[in-house]
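Below is one structure; the comments refer to it alone.
Labels A, B and C are assigned to the chains in the order they are written; within every chain, residues are numbered from 1.
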């Protein structure tokens, strides 16, 4: 069994730990977090230190690698980049809930987190550090770029392409062969029947562009869909 | 194996019995129903009597408890109250389909019925006599009050709070941290991005208050969402 | 183990083959396809010939039957009819992903394909050559006519009736007791709260009739829902 650290100590850590427990393939040594008191405990595991101390933590605890458990796509990128600066060959593991269904010829990158009930259909290609929340369904021949995410209950048709950092939020339906550009976000409950370029927020049924987005802009915990 | 009765002999009894068969942990002695002819059979089991005769039925058949299989939230409350009047320590069992996925630190009350494919994420708290239809997804840290219900294919984000008797009907998406008040009902296909107070019917995308609701008012088998 | 052919060599063949591999109950001899070069390979299996040569193919390869892996409902009918013209008692097998959940007293016809994560609730009746994409949920007591289909992530309430050749596309919610007529199609992301007659295209939330449909008209790969 490999010894790993969880990077990030918030809500996402809690269910990532649940997945790792259920998989039973990785041994969690502790948590690396930017704010929590070092030596305290979160989700049953000790806070070992900060991400910028990853090299020292890795040596002290003899870890084999880790998983970034952070919901925001851009922040996962910043953290992964920081860690690779200190340990260029740091090994990022995947946490894929054992209830997930994986078709033939699906390719997974590294650092992928997939919660309970996700379905990945044949020939889809799943990028590094992507995140799939409860029950996300990815149809056949999709391509999900690095640091992209699909929230709970959202579904894509076949041949959907999501570029890096793009996000499909809660309860979204994306039709076949749609392309969603880099850093673009689809708001909750949307029906996506058109392609979207990079750096936009779009929502509605059918989804339309609402405004542009800047690189690194947060998208969780905000009302993305609203008529007020 | 515990011997139980099913209370209610309609459609909900049929799939509750299916769940109990698949779980293989409870032995059904018969059905308690308000109308069906005593001695006749429904769903393969004998009608043993009425709920007001529960004490006599319990003694005659030496049952260990039962499950209320009734879709309407308020009616489940009335029936549970009637039964507890006759047998104060009546044991209500849960019927949770073995395909359901349950995260760490989820707390279930008693009398819960969850159909195939439901997902309960970590740290959610599920009240007594709640009902979850096919494929309902409850995210992490949710709180579902007693006698509340979530219909098929509906999903909640994290930290959603449903008060007693509230109902989320078919195909609804509820965003993170939303609160739905006591006895309020969300109509089918809605996207919920705002909190709702008690005693309202709301629907739409995004859902808006349509009218108030009285205590005990039925909500199933009605067109809750309509533009006519 | 029965020896079968896959009829149709496109995308649908790929995930049908995945299902058959996961079920481990049928042995695929090859593919019958209208266009691919005979003797070439698709999805790892040889193209054996055309559907009009099914009798010769069946004799040469000693097959026990087959499965039609074609997405378009009407085309499945044409192909099944052609095959039965040459081999009247041709045996059509089902391909039901082992992750599907099947309630008590569900009746399946022949030639049914159901992808990962579908749920069929008690007492539903599923017609011949029906197709259910990823995560389709069919509630209790539904009746799905021959050559009908339900796309990914769509859900029906109880007692829903779909006539022959009708199609529910991606991400649709259909309320209890709704009837959808022969050859009618519901566009993506729709909420269906009214009955629909035969030969119509309907969509929206709630879904409304957009136009009539002719018999045999294609419905996949088109924008069914659009405001442009």
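The rule is short, and it goes like this: contacts are C-beta pairs under 8 Å (C-beta built on N, C-alpha and C of every residue); 3 or more make two chains touch, one makes a residue touch a chain.
No experiment lies behind these values; they were computed from the predicted model shown.
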{"item": "Interface residue overlap between copies subunit A and subunit C, same or different (over half shared)", "value": "different"}
{"item": "Inter-copy rotation, subunit A to subunit B, in degrees (Cα atoms; steps of 5)", "value": "120"}
{"item": "Chain centre separation (subunit A, subunit C; CA means) in Å", "value": "33"}
{"item": "Interface hub residues of subunit B, defined as touching at least two other chains", "value": "117, 135, 205"}
{"item": "Complex contact set, residues of subunit C against subunit B", "value": "101, 103-104, 117, 119, 121-123, 135, 137, 139-141, 155, 157-158, 173, 175-176, 191, 193, 205-206"}
{"item": "Subunit A partner contacts - residues on subunit C that touch it in the complex", "value": "11, 14-15, 17-18, 21, 97, 99, 115-117, 133-135, 151-153, 170-171, 188-189, 205, 221, 223, 225-227"}
